[in-house]
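Two complexes, one shared chain (chain A), two partners (chain B, chain C).
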Partner chain A sequence: MSFSNISRRGFVQAMGVAGAAGAVALTGCGNSAGGSDNGGSSSEGGDGKFKLGGIGPITGPAAIYGNACKNAAQIAVDEINASDSTFKFDYRFEDDENNAEKSVNAFNTLKDWGMQMLMGTTTTAPCIAVSKEASADNIFELTPSASSTDVIGGQPDADGNVAEQRKPNVFQMCFTDPNQGVASAKYISEQKLGTKVGIIYDSSDAYSTGIDQKFLSEAKNVSLEVVANEAFTADSATDFSAQLNSCKSAEADILFLPIYYTPASIILKQAKDMGYAPKFFGVDGMDGILSLEGFDTSLAEGVMLLTPFNADASDEKTQAFVKAYKEKFNETPNQFAADAYDCVYVLQAALEKAECTPDMSASDICDKLVEVFTSSDFVFDGLTGESIAWSDTGEATKEPKGMVIQNGAYVGME
Partner chain B sequence: MQATTATKSAPSFKDRLLEALKGTFGTYFLVVVAFLIVQGFIATGSMSSALQGQLVPICVYVCAAVSLNLVVGISGELSLGHAGFMSVGAFTGCIMASMLAPIIPNDFLRLLISILTGGCFGAVAGFVVGVPVMRLSGDYLAIVTLAFGEIIKNILNNLYVGSDASGLHVSMSSVQDLGMTNGTVIINGPQGAVGISKLSTFVMGFLLIMFTLFVVSNLVRSRSGRAIMAVRDNRIAAESVGINVTKYRLMAFVVSAALAGMAGTLYAMNFSSVVASRFDYNTSILILVYVVLGGIGNIRGSIISATILTILPEFLRFMADYRMLIYAVVLICVMVLPNVPVVQRFMEAFKAKVPWLIDKDALEEPDLAEEGGNRG
Partner chain C sequence: MEFLTNLINGISLGSVYAIIALGYTMVYGIAKMLNFAHGDVIMVGGYIAFMTLFYLGMNPLICVLIAICGCTLLGIVIERVAYKPLRQSPSLTVLITAIGVSYLLQNLALLIWGSNPKVFPSIAAGLPSLQLFDGQLNISAETLITIGASVIIMVVLGLFTTKTKMGKAMRACSEDPGAARLMGINVDTTISTTFAIGSGLAAVAGVLLCSSYPTLMPTTGAMPGIKAFTAAVFGGIGSIPGAVLGGVLLGIIEIFAKAYIGTQLADAVVFAVLIIVLLIKPSGLLGKYVPEKV
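This part shows the complex of A and B:
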């Protein structure tokens, strides 16, 4: 290539080559910056703070869950950093679009940043992939809301079958899917809420199917009669008349809805329109239905649900959190937010107990945190439960609380 | 073989090299050089883990784009179900890898056999879909392949596979119905395949790209490839000279499905969990976007566009909330700019200086391929 006789055309070409070179240089910069961050991760965190990473969907259909986690953790981090605690956080949240591939990318980006512990991921399927990576790199992971047992691993089902080995560095803040399915079946049976149970679940969702399967197997144990087990998929989550009719003709007097609140709100509406009035029983995904925009809350009257968190609770902690959340983000926090908020405080408490320092490597911090989390005297009081403890299995011990919606508010069910 | 085109006036070595670079050799060369550069970066530890984590997905998307290009560009059909074939390969590959775990301790060999299994099942799926579908064309073909992708997704969402001491168990209703005890659940319905051992490596990704390139470029240059292109360019004329239209269209479709199945296995084995909903309509469209932006029928373009468009969203992470917006703007620019005369002139001049950018096997007029879909 020669540029000796610079014509106009030659000049344009030269500019093009320069532009291309510039683009390459830019990419190079990105790489080298990443490289140096990578070096930093093993030696020190910035100005005496722990580097806390978060991952969740903040774009796409599952964005409300990721945003709830992102925002609530931000509030917790701000509170901690404003306090006189010596255990402060440098916090960064990355988007994963509820996609395992993007989630692993987000994890690697945070690793380049120098993340020392991970609060995430929000949703189950990406979390299974990320927890494997975190396990390989020995980075401590506490998920606020990925509730499948495959996230923590090593949990055989009733027949002793396992899908995933235990990942010792991964812990959950929420209760697990089986825990909810089993608790729901027991609750319905013990409280004699109904005799014939109809179920409508999302067969394209890991969370919903997980609870459904556990509910079915537990229902057998407590001799609860399941008369209809109807599925829908994310693609058909706008019309439930077929499923409702099938439950109605099977004479189900209680409907179990192990689904998120958006489809649940449509089910409530359609059931009312067709004059079908069974009792409704939801799980923690149902939480948030009262703050759903455009939803007539009178439809939810009498709906029962299991949830660890109640935004209308009268205790001081919850009220302070809900107030801060409303002020900053202009909406009522749901249980995803509450779990994420608790995650940050648990991590702070555990770091304090383990006497970690921000200049420790992620792997050393992980070893110490695991020791603290599995020790018998580490308990935590948060928004989502009192004296929460963790065992070697990674599950949080908290009991789902039964709530019933009366006059547009949750009331404890006993 | 490339040299034969340049024998007229005893060309110098340099001319012959440049000529060769314009052909398939140049595409191989590009991939090998890229591979060596990346290996160099990894060896010196100067590559961020964010980029390193994307190497295998890039290889997967390159393979998927090149194989789709065989159908869209060379065969001139619009297929919107490419991700469906990837998912068939992904899940069958996972089952195979899981079954082989106690028998073959060597990771590389296990991955290789799994990829071949994924390819075989992809081909079977391609054949089953292709036999009736290849009698359709144009919009009808697009609709059927689109439906196929959705059907596969829903079937896999309800598929439960497990293995225990007595062998493989399959059910379409629930884990309980597998009827096994103390076994391993391989595929758990909508929760997908979990507990996959992460076998995929960048080296394997590179080998798969080379294999895909080898298959596609040799098929294009073979007798069958000429027949496939003849069918694309004028179906009636091709039929009149005795070419079995359905057979050659099916050939391209099945080869493409097999290669997509292999790419799918590589993808699944790179993550410890894979769900069927990952391979939905959007993924099919994404791969089609790689093909269209790289140039329909242009293999090298597919490779470059798949690479760039996979890295781009991650590279834009620093823009936080504006990331997806910028990504969309870039896509629109890439589609609009090549049609602006100034840019066209510049690219011509640029190509004259940098000969390896030209893929002489590419279609002279990409419009041909688009029209091909509409011809009955």
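This part shows the complex of A and C:
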């Protein structure tokens, strides 16, 4: 942990996100001159390989996402390094426990290692903190799964204010939260899954709140009736009986859950206990519920979710990836894994197009990659979509797929 | 009907708080210390029960007994190692030690069981739920067990402290440790026994907490621990019926605040009520006001 590389502003913000007010005394170590001078100083590529860093939670409540990213990127890197491509990777992954402060520390560790580009971070709140650092240091960052628009910045909110400036070096592989909210509302309305929608969201989480807000505004456009919009916080994420009861008495026939799978697993159980059986509709945070240890998968029967990746898809690319992942890690890859796998390949494609070499500094590589990503003729066919393209905003354009859980496995919805 | 359902949910949540609060109140009443590691003993109890239930597939009742034994043992060890040497120290020292033990337990759990959440299998699996008013009101078996357990524990503890020799010794220590010692009571042993009982209760609370709200993580006990401590203060810390009353009321207030005031404000309302009660009645609802003798 080297605090000396952290700009004071970034550090204070990271601390703010982490809520660790007790450690404010440490800001004294901050370097108010900013960290932009050390972006590429130590980035000599070893053995003619590009140094690719990854960050995500591989322990902690969101560990399932970080591990998926870590493992899938490892598969992609191994494949690339075994191929005859001249663009190969040195890959290193650091844990952040889904904690903004630890994520910035991980970022600094990777920077000391000589990272030239970052595949990460996996989850939203840490990514907002790290993207600030990466932006200040001009290190190219492609996040597989941090879906808030605050990660890329430059997006106006409902009132037209831009809270976070656009970070020109940060791009996303996944949908943005607004896209997920909008797509979910459209999907529910188009497929006529329900008429009265109840929502339970985490008001202490940027990801969940972001989707909830966009869902609410889009619901009006597609004339979906939202009969209950109930919140919980990280501190009260153990009992949802009151929220479920409100939804039940409002006669919601479909429950929209823009939350992670851990609280969702409790909601499913409590709903069953109280004899309430609406349809459940989740977003990408629901992905992973089936791998939860001890979880009775029959509770998740019929749960629907929107995700850009379907492990049951019959195309050759998906099948090869799923097979490799199952062989190596003994589980079916989820959407996060697919996003991370795509990240590595898209980085390779972009490096090739930009004609980068491993001896270039991180900052030079970043400038070239940004140019390629924002150019109109750069499109990518991956596991999570065909002809994925990026604009100046950093968002990826792709189509979501509806999935439903049947007999303890994800099945594509038609 | 919505009101009744909320009331049942509140009582169910409150019963879990009540059992945890009983542990706090016992230890405070007798040893005059706040055992902040209590919430984490609950978590350990949850993990022990999880392992015996999920990995070994034992009968739920046996699992609870194993968890009680494990936690009692843990409580005795903690008391021996961390609190007993500090018996003569200022209460602030003991308080800080308790917080230290709390972090130690959380991090040990992180090392042993990892931080991936585990879903606690229901101890009431297969038991039917109680349906009233043509199925409009559904009370799960876990809720009934939780409420029943907290009432039984309260009654048994009440009898224990009034009828048995050890219980009487506890009350004597609580009143005046110096005088109790003069009367031939082994104050040290009495306090250690109290810890053992409190930790055993924590195991029961852990199993019931995880059965009703089934995710198990190293931090699982922290928030319910704080809420239950609040409940113990609310009901009058040191008083056994007070802990149960405080716990149940806190649960009901929390659920009603969520249902009728707003899910965002629930916790704020709970603690606002606590502050108001303490302003009006500083010793808590059933607490005895003990004037300082000069």
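The rule is short, and it goes like this: the second predicted complex is superposed on the first by the 354 of 414 C-alpha atoms of A that agree within 3 Å, B and C clash if a C-alpha of one lies under 4 Å from a C-alpha of the other, contacts with A are read in each partner's own complex, and residues count from 1 in each chain.
Simple rule for what comes next: a contact is a pair of C-beta atoms (placed from the backbone, for glycine too) under 8 Å apart; a residue touches a chain by one contact, two chains touch by 3 or more.
As the structure is a computational prediction, the values presented were derived from the model and not from experiment.
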Inset, instruction - Please determine whether it is chain B or chain C that touches the greater number of chain A residues. - result: B
Inset, instruction - Figure out whether A:Thr397 sits in contact with chain B (first) or chain C (second), or with both, or with neither. - result: neither
Inset, instruction - Considering only the touch criterion stated at the top, classify A:Ser361 as touching first (chain B), second (chain C), both, or neither. - result: neither
Inset, instruction - Name the contact category of A:Asn105: first (chain B only), second (chain C only), both, or neither. - result: first
Inset, instruction - Examine A:Thr297 and indicate which partner it touches, taking first as chain B and second as chain C; both and neither are also allowed. - result: neither
Inset, instruction - Could you look at A:Thr59 and tell me whether it touches chain B, chain C, both or neither (first, second, both, neither)? - result: both
Inset, instruction - Report for A:Ser246: first if it touches chain B alone, second if chain C alone, otherwise both or neither. - result: second
Legend entry - Which of chain B and chain C A:Thr374 touches, first, second, both or neither: neither
Legend entry - Which superposed partner A:Thr233 touches (first chain B, second chain C, both, neither): both
Legend entry - Partner chain(s) touched by A:Thr195 [first = chain B, second = chain C, both, neither]: neither
Inset, instruction - Show which residues of chain A both chain B and chain C reach, each in its own complex. - result: 59, 203, 233, 235
Inset, instruction - Give every residue of chain B touching chain A within the complex, in rising order. - result: 41, 45-54, 57, 150, 154, 157-158, 162, 164, 174-176, 178, 180-186, 188-192, 194-195, 198, 267, 271-275, 277-278, 313-315, 317, 323-324, 346, 349-350, 353
Legend entry - Of chain C, residues touching chain A in the complex: 1-2, 5-6, 9, 12-13, 50, 54, 110, 114-121, 129, 131, 135, 138, 140, 142-143, 212-217, 220, 223-224, 255, 258-259, 262-264, 266-267
Inset, instruction - Could you pull out which chain A residues touch chain B in their complex? - result: 1, 9, 12-13, 16, 27, 30-35, 37-38, 59, 94-95, 99-102, 104-109, 111-112, 124-125, 128-129, 131-133, 148, 150, 153, 156-165, 202-206, 208-210, 213, 216-217, 233-235
Legend entry - Residues of chain A that touch chain C when the two form their complex: 59-61, 63-64, 97, 203, 230-233, 235-236, 238-239, 241-243, 245-246, 248-249, 262-263, 265-266, 269, 273-275, 292-296
